[in-house]
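Multiple structures follow.
Common to both upcoming complexes is chain A, partnered first by chain B, then by chain C.
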Partner chain A sequence: MDATLIVYALNLSAIYALLAMGISLVWSSIGMLNMAHGATFAVSGYGALVLGELALPAVDALFGGWTILPLLRMAVLLASGVGVGALFGGVIYLIAFLPIHDKANFPVRGLIVTLAINLATVQALLWWFGPRQQALPNVFGFGRLELLGVPVRYDQAVTIGATALLLAAVLGWLRLSRKGLEIRAMMQNPEGAALSGISVRRTALPVMAVTGAMAGAAAVLLSQTVFVSPDAGAMPLIKGMIIALLGGLGSVPGAAIAALLIGVLEAATGAIPFLGQRMVLLVQFGFIIAVLVVRPRGIGGLLDETRK
Partner chain B sequence: MSDPIAPVLHRVGNRRHEYVLAPEGARDWRRGRVPGLRRHWLKWRGRYNPRTLERERRLDDKRPLWWVIGLGALAVAAPLLPDQLLQVAVVFCVFAAINVIWTLIIGAAGILSLATMAVVGLAAYAAAAANVFLGVPWPAMFPIGIAVGLLAGGLLALPSTRIDGLYYALLTIGVAEICRVSISQIRALAPTNGSINNVGSFIPQEWYLQRPGLLLGFASAFLMLLAALLLFRVINSERLGLQLQAAREDEEFSEAVGIDYRRARLHVFLISSAALGFVGAYYAMLYQSISLNVFSLNQLLLMFAMIVIGGIGRAEGAVIGTAIVVVIDRALIDLGPLRIILIAAVVIAVTLTTHRGLADARAQFRGWRDRIRSERRAARTRKGGEFMPEEATGIADKQRIAYRRFDARLRARLKALITPELIEEHRRAPLGPHSDGLARVLNYFRRGEMPDKYAILQDGPPEAWRYTVMALSGVPGHPPRVVDDRVYSTRDEAYHAVFLLRVNDLLES
Partner chain C sequence: MSALLDIRDLSAGYGSLRVLHEINMTVARGERLAIVGLNGHGKTTLFRAITHLVGWQRGSIRLDGVEIGGARSLGEGRRTPGIVRLGVAMTPQGDAIFPGLTVRQHLDCGAWSRRAWRERARRRELIFELFPPLRKLETTTVGTLSGGERRMVSVGRALMTEARLYLVDEPSLGLAPSISQRVVAALREIDVADGAMIVAEQNVSLLDGEVDRMIGMHAGRLRGDVGHVELG
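Coming up: the complex of A and B.
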């Protein structure tokens, strides 16, 4: 496996980790399988597109000629994607979590409602923006830089770096802040957390917003190489979901490891001549089914207790 | 006697009439049976009407009637519809059949499998390919479809014993995608973009898309829907279904009484998959082609919306949900993407408001209404109110209800008799003779129930008796309690004190 392949694998893993950890985090803390994650992804892509068209000329005018201009443009796009993603997470919270979280049969009903939100959002985007694929403004061009003798495309470098920063920030927030403590308490024992005065409703909103923001960041980072389209969310949703499954639903470190595994697997499958890009999904599914048959609770089942 | 069921009224004692319930049971038990089986056609039950206390015959389960009305209306109305709506009816029948079989997998077997359309599509492709490329005649496509469905079901069932619940559901979402990608790889289908056309069919070529062809298509689809419903009934309510129901309620217990529920689940899964394979072969024949659209994620989501709207686990839910979604999706086609948003909105509204879909909405509403009523009743009783007979449906002994009603009326009349003059009359002569009004009041008091009945305690030395008022507990072995600390020196004073307490109780009730 040559070095560019490793970079490609890391790039994929970074995007997948952002998606899968969002799904895993929501499941482990509030017990909802968020099938609208793909919709958040697509909506944030369009949000970045619309807000970017508004804000980027102003940024260009203010900082024209500066060397860090591409980074600033990227920051503007990221901020708009993250903001829209967080807002959409709040919308999902209002529709799918708040009315039914204490009612009978919540896991299945939450799954159904978020699935319906996904369906409605994709159709609404199709209706509003049309089926045409649109490209986000390309910030970095197609240049490469040499890193330790390995040629890395600018957008790959930024994706890997930004994902690492974002994930570090989220994990740090979970580890160090008061809210993070509450969320971790809810992951370990929802009833115990409720008994010690942690409000499920107040904790769920930041969880949904943060995971929505992660999906938004993934959308902006991925859209440097892929187009924005109404059903752009379907594939990230399926990938994120199967990675979260592979990691053991609810296990955050498990999701990170699974994202790395699947990213490497996808890059490797694509590179092997007789398998090629079209068999990627098949190989991934075969791998995941094999792992789940051996370990029904995924990789996370090895690491820690997952939510049953 | 004209009607043996009507209550016969006899003269008993000095009461004017007494009900005697006609012990004529034979009429209630005259029910038709399905030929060759011990099942009854309808669930007739005999019972006593709690209001009128008359014997009556009641249909406990009215769903068969609704089925006959609904399906009959469809069968009668469809041939009169214009071509476009007739096609909608055909689509409804096909999807309803698929969803009823899917309900068997999800509801009866409890396997949350989303690979239904994958099985249907695989069987359709296999049958169509056999017909087009190998020249197999169309009747032989059905066994091919069934065999492929069985095979696909067997492969899908392998991980289902290891992986449970949501994990399995999420995995099976991907199966359709895998099928789509794999078939799109086949070189022979590349010129037609993955679809197989000109499949042989039971509809003659010259009738295709003509009125007779559409009518034949509808008739066959309707028969298939009936067959799917029969399959559901045979599996869900007979031995396999009962075993699985026991396993759904308590897995350990059903295992302990010897039910091999894993095997039962596998059987249901395989039977349903074979049935889905049949539907797949039929699907390819009906449209004389099969394309990759059958595997699309949106199609799967639409099917899922259908069974979710109706309610997972019930055949009527699957059919109702299919009807709603198919009408929105196919009949309102002018709305464009808006109709999918409408379907999603219906799904969200139904899921947020009902616990188990529309088919269960009536039972849920009744449960809610009964809860509200019982809460109100409890609130009234707490405040010292009375059960009114109309509400006291929970009291089996109707004599008690009648007595309460009588008692309430009597007390209302007696309250009007209580005046200061009446009390003064009792104070003057507690033991009588009394006026008519006072005698009536005292008669009522004497008939009072034993709990909390007042008694007079006489103690002290014989030359100076002291009288106090007690209240009996009414329970053997439990001593009376002292009502207050007042002491009376004569017996008449004590009599009058008890009378005042009684009057007080009467006026307060």
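Coming up: the complex of A and C.
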């Protein structure tokens, strides 16, 4: 495996990790399988498109000629994607979590309601923006930089770097902050958390906002190579979901490891001549089925902090 | 002065199963009360009804005159954090509750009030004085502790914020006699001030002389208020 392939694999893994960890985190802390994660992805992409059109001219005017201009433009796009994603996470919380979270059979009802939000959102985007694929401003062009002798595309470097920072921030928040402590307590024992005065209703909102923000970041980072379209969220949702499953649904570190595995697998499959890009999904799903047959609890089954 | 806890006609259960049958009881301020009875006769369900963790319940539960009971058939656990914040600290039956957290994090979870959170380091010290074996386990994961240590963590968590009503469910369950005696002795140390403590226990002799009053529980009904008992 040559070095460019490793960079490509890391790039894919970064996007997958952002999505799968969000799904896993929501499931393990508030017990909801968030099928609207793909809608968050698509909405954030459009959010970055609209807000970017508004804000980028001003940024260009203010900082024109600066060498870090592309980075600033990317930061603006990323901030709008993250912000819109977090807001949309809050919307999902209001519609799919708050009214039904203490009713009987919440896991199934939550699944159905979030799936409905997903479908409705895709239709709304289709109605408002039309079916045409649109490109976010290409910030970095197609230049490359040499990193330790390996040519890395600018957008790949930014994707990997930004994802590493974001994931570190989220994991640090979970490990070190008081809210993070409450969320982890809720993951391990919802009833015990309630007896410690931790309210699931108050904890679920930051969880939904943070995972929404992660989906938003993934949307903006991916949009440097892929178009924004109303149904852009379908494939990220499916892949995020199966990677979360592979990682042992509910295990956040498991999801990160699974994302890395799947990213490497996808890059390797694409590079093998007789398999190629068209076989990527087949190989991926085959691999995941094989792992789940052998280890039904997924990779993270042995790691702690999974929902029992 | 009104009673701290006043329960009237409390019935509760899970689905079609009715566990508690019209329970009436009052607990005065400063009182240490034991509810004794065999397994499966409703001691735990009584505690879970007070904290709204049973499947359904009806009847009145007044804490310091504030109604925390009422009839409901859904939403178990929904009101629990609110009831905890009114000053009910419960140590649930069985083991310490967050297996993946360290002892220190676990104790911090109990410090839900603003003031307790600010003073959590000092409060942890108090817990360590009450349960000396926990001091050197501060950064150990709770899931790897022994049964007795877990029980100490679980009781300690409930003590991190002052409560008006302490509910301790089966402090001796699954523990060696010497360790359960230590846990019960620690419960005796707790200053309930103008609050109260209710301990559910099947081992009556363990609580001998440690509580002010004992009530028997049989088949979901309270049977006889036996007052203070001395066992020979």
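Definition applied: the second predicted complex is superposed on the first by the 306 of 308 C-alpha atoms of A that agree within 3 Å, B and C clash if a C-alpha of one lies under 4 Å from a C-alpha of the other, contacts with A are read in each partner's own complex, and residues count from 1 in each chain.
Simple rule for what comes next: contacts are C-beta pairs under 8 Å (C-beta built on N, C-alpha and C of every residue); 3 or more make two chains touch, one makes a residue touch a chain.
Note that the structure is predicted; figures quoted are calculated from it, not measured.
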So, after the overlay on chain A, do chain B and chain C clash or fit? They fit
Using the touch definition from the top, say if A:L249 reaches chain B (first), chain C (second), both or neither. first
Once both structures are overlaid, the C-alpha centre of chain A sees chain B and chain C separated by an angle, to the nearest 10 degrees, of 60
For A:L111, select first, second, both or neither according to whether it touches chain B, chain C, the two together, or no partner.
-> first
Looking at A:G192 after the superposition, I want to know if it touches chain B, chain C, both of them or none. Which is it: first, second, both, neither?
second
Next on the checklist: Between chain B and chain C, whom does A:L281 touch in the aligned arrangement: first, second, both, or neither?
Outcome noted: first
Problem set entry | Which of chain B and chain C A:R178 touches, first, second, both or neither | second
Of the two partners chain B and chain C, more of chain A gets touched by chain B
(message) For A:K103, using the defined touch cut-off, is the partner it touches chain B, chain C, both, or neither? Pick first, second, both or neither.
(response) both
Query raised in the report: When the two structures are overlaid on chain A, which partner does A:L19 contact: first (chain B), second (chain C), both, or neither?
Result: neither
Across the superposed arrangement, the tightest C-alpha approach of chain B to chain C, in Å, is 8
Both chain B and chain C touch chain A at residues 103-104
Touching chain A in the complex, chain C uses residues 51, 53, 74-78, 80-82, 84-85, 90, 92, 97-101, 105, 108-110, 112-113, 117, 141, 143, 157-158, 161
So, in the complex, the side of chain B touching chain A is made of residues 159, 162-164, 166-167, 170-171, 173-175, 177-178, 181-182, 185, 297-298, 301, 304-305, 308, 312, 336-338, 340-341, 343-345, 347-348, 351-352, 355-356
Chain A residues touching chain C in their complex are 102-104, 178, 181-182, 184-185, 187-200, 304-305
So, in the complex, the side of chain A touching chain B is made of residues 33, 95, 99-100, 103-105, 107-109, 111-113, 115-120, 123-124, 126-127, 234, 238, 241-242, 245, 249, 278-279, 281-282, 285, 288-289, 292-293, 296
